[in-house]
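Both complexes below contain subunit A, partnered by subunit B and then by subunit C.
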Partner chain A sequence: MSIVSVFRAIIYRELRFLKRMMPEYMSLAFQSTLFALSIIGIAMSVSGVSGLVAKFSQIFNISGKVSLTDIIAAALAFSGLLSLTADCVGSVSQVIIYEANVIDILHLIAQSTYLYLYYMTYALIYGLLSGIVSTLYVLVLLVVGLGAYGAYVYLMLLPAYIVTGIALSYYTLVVTLPLTYIVKMRRYWAISQVLVPVLIAGSGIFIPVSLVPLFLRVISYTSPLPEVCTILQEMFFKAIQSPIIFLMFTAVFVIYIALSTYISYKTEKLVRRGL
Partner chain B sequence: MSRLNRMLALVRIGIRLARLFISSYVSIILSSVFWGVVIFGSAVVFSKAPLQVIYLYIPGMFVFAMISGGMWAAIDYFRFYFHQGLTDMFLECGVGILEYSIMTLLIDGLLISFVTFIFMLFVTAIYANVPIVEVLPRHYMPLIASVISSIPVFIFSSCLIGLLLATTPIEVAWVNMLQFIFLLGTVIPPQILGEFSLFLPWTMPAELMRAAYGTNMIPLSQLYVMDLISVIAMTALSIILAKICDRQVRKKGITIRRG
Partner chain C sequence: MTTHCIIVDNVRKTYIVREGIRKKRSVEALRGVSFNVRCGTVHALLGPNGAGKTTLVKIMSTILLPDDGRVQVLGLDVVREPDKVRKVVGVVLDISKGFYFTLSGYENLVFYGLLKGLSKRDAERRAREVLELVGLDESSYKRPYHTYSLGMRARVAIAKALVTDPEVLILDEPTLGLDVESARAVRDLLVKLARSGKTILVTGHNMHEIEMISNHVTIIHKGKVVADGHPEELKLKLGLPIKIVLRLREIPRDIEEKIRSEIPIVNMCREEDKLIIYARGRRENIVQSLLEILRHNNLPIIDVQIVEPTLEDAYIAALRGVE
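Let's turn to the complex of A and B:
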């Protein structure tokens, strides 16, 4: 199979899956929205609106005037990252593990194409699709809340979501492939079950990463999420003041692609030796 | 006496079963704690009174975790074990959804929920930058009463979701969304929801847990009486739901989505 055929096959499969996965996407959108609104609601119930606005401005170091609508819009925009992480890390890891251990179609893929090509293409396509599909609810909510400006905000954030989706998919390859083929983890669902909340909690998502306890931050720094959160938070509240964060993200992105290519290639050798 | 012996035997089997899944339990606890921390950690950071957030909202997490545990017990019984062909075996041995929820009560319910609750308190205390002793419960009688009265809540949620799963082709994702209804009255306290939440039977154990921190809205003496009523009501409801569920399963089998 040529690389174009692999692309076409995976795109076809993922689009077919999309319809079946709709309840999961709806549930994810609902939960992410609930998370964002709960955080605002809980803080507001204790501190009042003025207290929340003051604390928010202080934490994000915003000099201008901030309204409650701005805070809710920001929380909803950040919740897109939550939904994206849960979808990308959860789905990519589960597909890899299922194909290797449960539904046993690995030999079919290995007969048709190179495994490393399959994994790299899959991560790219899934990250891209997930960047759009799992954050679509943000567009709906922002348009409802802010009107046409909401759509503009979403379109500004969309490239960040898509690049994050791809980076997270490659990150998941780096973590999951060794656990599946070398460690041969029996309780495979534990990977996505623990990894997703740890990454999200460790990156802060809704709060600056510097305020997250160190033991959580250390784990999340293995992923591109903390950098993305900082970029998104800066994009939302002020012009990017530290371009170094972009450089860091690009470096992390390149490292993941290089690492996942190497690990996919090694997996291929390992699997073919066993076949 | 034979009924009590049977229940003890079920609990014993549940513990033996649980020993096969220790790593899964560890991952459930970690996952629940970190998901909780995403909300409460951030809320604590944004709040001007972090301790008030902890005292008012986190106690309800214990009862919510019990409800969630009950729900997952039903999902295990009607979906996970069904796909492994074990549900029929359970039914043949006389283990319906009520018996299964009693079986899983000690580990999936009480142990997991309590450990999750304590860990969540500790991690949130780090976010709030306060010593851990400050977030521990202060009054132990309401705490014990809450733990005991959350047992019928676990069984009730298990039977309710069990009936839903057995009689409709509903998917786990929708059930996941449904569980957030149980946030009302548990994590979201009556102070926020108003008196409406007092009609939700699962509010009482959560309110007792809040009483352990002194953030309860209902006076303690009234709370004990209302809790007793809710325990009786939920036990009776659970038995009725389980009977309907068993009858439906025997008549029509388990409904699942095909294709």
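Let's turn to the complex of A and C:
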């Protein structure tokens, strides 16, 4: 069956799931917002508004004037990455293991199409949809806080979210497929439970990377998050100082796609051989 | 045009089972299985658990690759032309699962239709048609799959196999665990589909049910075909005796001798006014000969009861023959 039919089928299924899972997305948005605001709140309670602004400018190397609204908007924008990571890594890994081991839907897919085509298309579509749906609350909050300018900021960030969503989905494919088909892991929730906090902690979204243990940082650096985080920060403050980061991200993205294609193809061979 | 819609030729399959991290063990699931399925018939594939039925079903439906041998469906090779085979085959593998639990049966079928290459409009139309065909009403369209009873799930599984209107249906234990009414509905549906020209390969353990619907039976055991043929032919081939209970007004002493000389008797005994005969051969020939002997000896019959061997007897005999 063609890639178009696989694409159409997955889009149909994901939109149906989305309809049923809206409360989960809302809860995810609420948690991410709460986390972002708590970080700002804690910092402010320790050093006051002026201290927070000074520290923030210092951390992100901002020379111009920064207001508290800017900081809150930035924190909310970065929180989109929390929501996006939790959604992409959690959903893609759980769906792959759940389909293979719990509901046994793999037969339905394997008798209809090629598995590598299915997995590659699924990661692309899920990353794309997640990039929009799991960060939609950022648009609402930015518009509330910054007015029309907030919408403009969100639209500027949206491509970064989408590309990150796709990269994270392929990254999850690379991690989850071997765990599902070679290690034959059954506790599918463990992947997202471990991976999501490690990736978020080591990427430098809210916690300075220097404070994170090296082991977690190393794991996080296998994902695209640290690069995306830097890109997002630089985009937000319109001060792109290291264009090389884009090059790094592109390279990482290409590696994920190449690796996930190879692993998906290997998975297909394993499944068809009945191993 | 070939009269065989499915050709299975010397198919072999070995699984490598991992035991621990390094230790591996190989299990031979199929050891050179060969048989053919004629077009427009219901062909039953029987065998005990672990005989290799499901492996064969998975190979026929392109889910698994055989290690050796050839399987053709409507002249298409399952290894070299899997895409084409997928278009002409509808499969039921496990009636209790195999769908997204949070989506409804209807949504699952539309997803499957789209995956199989139908347009959205066609997939939605076919999903409605097949759900109606298997007897699921519109109230089930919105309910999530996890709320369905086993009978409803079985119907959805068969509906899935029919979404693309395939010429060949491969059904692995489609009535397993169903209540009497649901099992009967599924059986009736299969007969109806076979009458409409579909070729059906079905596996199962309910011999009575299989005997009612199938035109041909293949029994496999430990990865090998141990018997193959029409259920009646199979009973003959395996030499299963027919039991005839004759109730006569009187039973002369020499009658047993006369019957033995005309009919291939396996066993014969008297029980009051009854003569119980176990004979091998075609039912009509045995009955004809028996009636002639009784008429010739002027022995009026009060009652006659003929008990034919069942498919279950043939199945057990075939398996015992191997062991």
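FYI, the second predicted complex is superposed on the first by the 266 of 275 C-alpha atoms of A that agree within 3 Å, B and C clash if a C-alpha of one lies under 4 Å from a C-alpha of the other, contacts with A are read in each partner's own complex, and residues count from 1 in each chain.
Convention: a contact is a pair of C-beta atoms (placed from the backbone, for glycine too) under 8 Å apart; a residue touches a chain by one contact, two chains touch by 3 or more.
These numbers come from a predicted model, not from an experiment.
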Touching partner for A:262 - first (subunit B), second (subunit C), both, neither: neither
Partner, of subunit C and subunit B, that touches more residues belonging to subunit A: B
Which of subunit B and subunit C A:45 touches, first, second, both or neither: first
Touched partner set for A:152, first subunit B, second subunit C, both or neither: neither
Partner chain(s) touched by A:82 [first = subunit B, second = subunit C, both, neither]: first
First, second, both or neither for A:272, with subunit B first and subunit C second: second
Which of subunit B and subunit C A:6 touches, first, second, both or neither: second
Which superposed partner A:108 touches (first subunit B, second subunit C, both, neither): second
Contact footprint of subunit A on subunit B as seen in their complex: 21, 23-24, 27-28, 30-31, 33-35, 37-43, 45-49, 52-53, 56-57, 123, 126-127, 171, 173-174, 176-177, 180, 191-192
Parts of subunit A lying in touch with subunit B, wherever the complex brings them together: 23-24, 26-27, 30-31, 34-35, 38-40, 42-43, 45-47, 51-52, 54-56, 59, 82, 186-187, 189-190, 193-194, 196-198, 200-201, 204-207, 211-213, 216
Subunit A - residues contacting subunit C, complex: 1-2, 5-6, 8-9, 12-13, 16-17, 20, 103-105, 107-113, 184, 271-275
Sites on subunit C touched by subunit A in the complex: 13, 15-16, 18, 55, 58, 61-65, 83, 86, 89, 91, 93-94, 97-103, 107, 110-112, 114-118, 120, 160
